[in-house]
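Common to both upcoming complexes is subunit A, partnered first by subunit B, then by subunit C.
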Partner chain A sequence: MSASDRDAPGVAAPRPSMRLPEAGLALAGAAALVLAAWAVPWLKFVLTIALAKGVAVLGILLLLRAGQVSFGHSMFLAVGAYTVAFLAPAVPEALLLLPLGALLGGLLGLVIGLFIVRYRDIFFSMLNLALSMVLYSLLEKLYDLTKGTDGIRVSALTFAGAVPDRETQEWVMFGLALALALGFGLLVRAYLASPMGRALAGIKTRETRLEFMGVSARRVLLFAYVFSAVMGGAAGTLVAMTTRHVTPQLAYWTSSGELVFIAILGGAGSALGPFLGATAFELVRVYAAAAVADAWQMILGGVLLLVILFAPGGLWGMLTSRLRGRA
Partner chain B sequence: MGQWFAENGLLIGLALLDGLAYAALVFMVAVGLNMVFGVLRIVNVAHGSLFAIGAYAAASIGLFLASLGLPPIAGFAALLLAAALVGGILGPLIERLVLRRIYGQEEVLQLLVTFALFMILEDVQKLIWGVQPIFQDAPMKALGTVDVPFGEDVIPFTAYQLFVLPGVALATLAGLAWFLRRTLTGRVIVAVTTDKEAAMAMGIDAAKVTLLTFTFGAALAALGGALASPTTSLVPGIGAQTIVLSFAVVATAGLGQIEGAAISALMIGLGRSIAVYLAPEFEVVVPYLIMVAVLLIRPQGLFGRLETRRV
Partner chain C sequence: MSASDHRRAEAAGDPDRPREATRAPLLSARGLRLAFGGVKAADGIDLDVMPGEFLAIIGPNGAGKTTFINMTTGYLRPQAGSIDYDGQPILGLSPRAIVKRGIGRSFQLPQLFSEHTVLENAALAIAAHAGLWSPLTPLLRPRYREEAMALLDRFGLAPLAEARADALNEGARKLADIAMAAALQPRLLLMDEPTSGVAATEKMGIVETLVRVLRDTGVTAVFVEHDMEVVERFADRVAVWSQGRIAALGPPEQVLNDPAVLRDVIGIEPAHHA
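== the complex of A and B ==
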């Protein structure tokens, strides 16, 4: 990632919504996750996936700031995941595959972004959807390469040259996901506070004003799009390394819908929202699937409806209004 | 070329016929989606679920009628009944209980609300009809096949796909064009589509128009599903598949275009079925490639009018 973004996190953004000790909350949240993963071993897997998805949802959050919703964003996740699946036999090093997946995600994001930033609103959503469906179809149909819907099993990985046992590897993956979540969370926060990030909100409200100020709206959106694709790719590598199995389903439009779902569930107000949302989403999914195997989607859909109709700020919004109320 | 055509001519002919039937189905779904968007300004992701539920309902009603000992031709009654039931029950239910609460809100939220509805309806459908494939082709069988002359050859093709599907689609197209342009209710709908506030200022009950349009759109989706049901076995996931296809059709045509939707449904239907025969790997990709190609050249869609960006 660009080092120039690094100097910003210390500078607290002077926005009223940023008054809350986000950093403290993030650390507390991270500690709670570690504790949960330690106390309930099987949760480690669920939480790793939740953190990975949270990283991808950070990307959705960037685009939401510009008022754009990508209904095809899981294609970048799929690129990261398939990068791991394809290359693991040749290059089993996880610490190499991770940045590579992020890079390839970013490259695809750049290629697509170059033309997709010309579109807004429903066309932006639908073009993303269409392109992700193209990727899905190719992954599904090119059986010789991808084994179709059966998917590919990810072969054994090394971590910095070492081959950890299963228990250790689970912890390593969890740690990697947590580190990436914190790292990308900081980056996103810094980015959103920077002029480039602020300009995103300008696209949402009045794009023409940006142009009058000499700011290219397309360039602003392109940067956010590529950044979000990089995070999608990184998240995809984490998912592939954790589940050890990749299928075209990763790129299907419903998976993208889930990412947007998580963004709204968590709340788009803060870089913490995606992780709050992803953790809640994955936990509800796991418990709902265990309780009513045939109706977990219905439960998730119901939760989503309730959140949108009655808590438009998402979980983060509920949390902050609570905290403010107390203060 | 001549020799290639002699070898593949039959395939091309079959692809054309297939594509026509397929386009007819896609058009039915897309036109409903388009009308709903026109009036509600919401892209209804759950539209595909209405298609799926219409298909399942038609199969169930058809099987029930058959078990009563009615002739297979009664299957046609099942198709219409299914469309009317699904549209008439689910349409008002969804519009009144859910969509009404989110008019005028952010597009993202509207899109997600219908996505939530989609998730719920997918499971409703699985709970009612299970995950095993359901097959009920009595209406198609009842009409038999027709030999279509193609050059020196003949292609046997089901009369259902050759006449019924395109026929219903054409009737829908003509009926809609007449309804929207010549009847009072139709003109009221067009008025609300063009300028809701002005229409309301002139005394039009926009809430009623919205309810009516959504119900009608839902019934069209269900009718599309019902019509599709004899031609394919019903499995979970057809709703998700259908909605993205009809998105592609609507976006290619341009939002709010009805005749345009027919033409782009034809393009996409034919394109897909030609790919089925010539390059089966890319069958599913073709509709999206057509859409992306069209939007690259004409961002507002083939027939869409350019909306000036708000300043």
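== the complex of A and C ==
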């Protein structure tokens, strides 16, 4: 806001604003992750999972922009993961399985979304949870197909036709996760700045106005829902390819809760928030589990409590307020 | 041109004068009935709105004024009656479908996207009207930015373009709300109390801006209003709502001098007014 605008009549309380160089922060963050993965090799696995979850949490962020919380979003992650588990023996190519998992996640999102975008708030949350639990039950009970809670071991994968050794494969998976995180992050950022993305935020505050502008709030939410499901599916394929073992636990409600947890921890103010949250979540989990094996959930809970009480904008909010404070 | 200027032009045979008598009504409501429990919000409303006119709706709280706007814009469905717009029935259509036919509305409580700037609010309305919903091109692309700035300029809001909508005072919020409705290029604009909550010192300036923009763009307007000075100065006709019925309808100088209207609606004794 310019000085002349601040003086303009009609404005009650001008607010200072400063555009943060998000692209620069994203590149710096990516470089830091690569450095960490190089310096501490065993962190590659942890960071790959964190990036994959960050991609899934980007989907949660979209729905949060519309004021909706999904407590069942890990069902899309499970769809992506089981796509890899089921198809890897026949189609071992990771670069084919990845878009296939995202596509199937998106298709399920479209089918569910057509029905679920009619609902708001607690009904939206609970219907997502209920549907994810239906999927969980199917994965658990259809033993002949899914091997129940034993899960499915993902068979050997090829990457662009090659079968890399274990160390190289870890780097390839890490690189793939990082590339997808950056790619989806850019897409989400562009989407949120588009008329559709702005209208999505309007669902949270002024849905009536949207309708009286001739805009279907349901269609706007459906697009976001399918987009988030695509990201959930892609995240699931990354998880399956990294862990090489897929179980129904992926669709369980606690897994969905974990995604919401990460979204709040990271903050919904930017596409970088989910990755900040996911990295912090995985690192705290690993180190807390090593330090106090029986009480690591308590430490995670404590961290979230502190964030909610003292940094409601999440880690992204903390970071931006510090950066703005310095400027 | 104020409403009284319009009426004078009509009397003098001005070729630019409104020609309501020779035209079909733009909006025609017949026999509208709607009750909430025992409360009759609409009890046989018959009303024609002529193209180009400014019709003020006055009446006490709870008389059914907003209900009429809600029924016309598809937000509420009457239990009986019909509403035709431009000769076509619109009853049963969704608010979205009605907006697309050319009826816009503003709200008693401005419905701005509070987390966005005034410019973004205007650009979003323009984008909605254009129907361009590419998910990857920015809202504030040059075309929308220019159109939005031009719109805000017409409403005198250009200096506030970069202010967040929730930082505006009530007068600016009301204007921005109406500007968003105007961005959809309606032929008929329904405004629910466009001056309520606005400081007395700002009120006339806001209404003058509003009327100038709407007259320039040929928009027909129906507005709910409590300020009789605004009604007298800017309305071509006045409809007096009372308990879900239209108690009086006519030019402001006739209706606002009706002793029953003065006593029951405005709340003053006719002798004092004279």
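The definition used in the following text is that the second predicted complex is superposed on the first by the 309 of 327 C-alpha atoms of A that agree within 3 Å, B and C clash if a C-alpha of one lies under 4 Å from a C-alpha of the other, contacts with A are read in each partner's own complex, and residues count from 1 in each chain.
The rule we apply is simple: a residue touches a chain if its C-beta (ideal position, glycine included) is under 8 Å from a C-beta of that chain, and two chains touch if they have at least 3 such contacts.
The structure presented is a predicted model; accordingly, all values stated were derived computationally and were not measured.
Of the two partner chains placed by superposition, only subunit C is touched by A:193; subunit B is not. Applying the stated contact rule after C-alpha superposition, one finds that A:208 touches each of subunit B and subunit C. Of the two partner chains placed around the shared chain by superposition, neither subunit B nor subunit C is touched by A:164.
In the superposition on chain A, A:140 contacts subunit B only, with no contact to subunit C.
Contact with neither subunit B nor subunit C is seen for A:313 once the two complexes are overlaid on the shared chain.
Once the two complexes are overlaid on the shared chain, A:294 sits against subunit B while remaining clear of subunit C. Look at A:269: by the touch rule set out above, it reaches neither subunit B nor subunit C.
Touched by subunit B in one complex and by subunit C in the other are residues 206, 208 of subunit A.
Those residues of subunit A that touch subunit B in the shared complex are 64, 67, 69, 71, 115, 118-119, 121-123, 125-127, 129-131, 133-134, 137-138, 140-142, 206-208, 252-254, 257, 260-261, 264, 294-298, 300-302, 304-305, 308-309, 312.
Against subunit A, in their complex, subunit B makes its touches with residues 43, 45, 98, 101-102, 106-109, 111-113, 115-120, 122-124, 126-127, 240, 244, 247-248, 251, 255, 280-285, 288-289, 291-292, 295-296, 299, 309-311. Contacts from subunit A toward subunit C in the complex involve residues 1-2, 4-5, 8-15, 187, 190-191, 193-199, 201-202, 205-206, 208-216, 223, 227.
Across the complex, subunit C meets subunit A through its residues 73, 94-96, 99-100, 104-105, 107, 111-116, 120, 123-125, 127-129, 132-140, 144, 157, 159-164, 167-169, 171-172, 180-181, 184.
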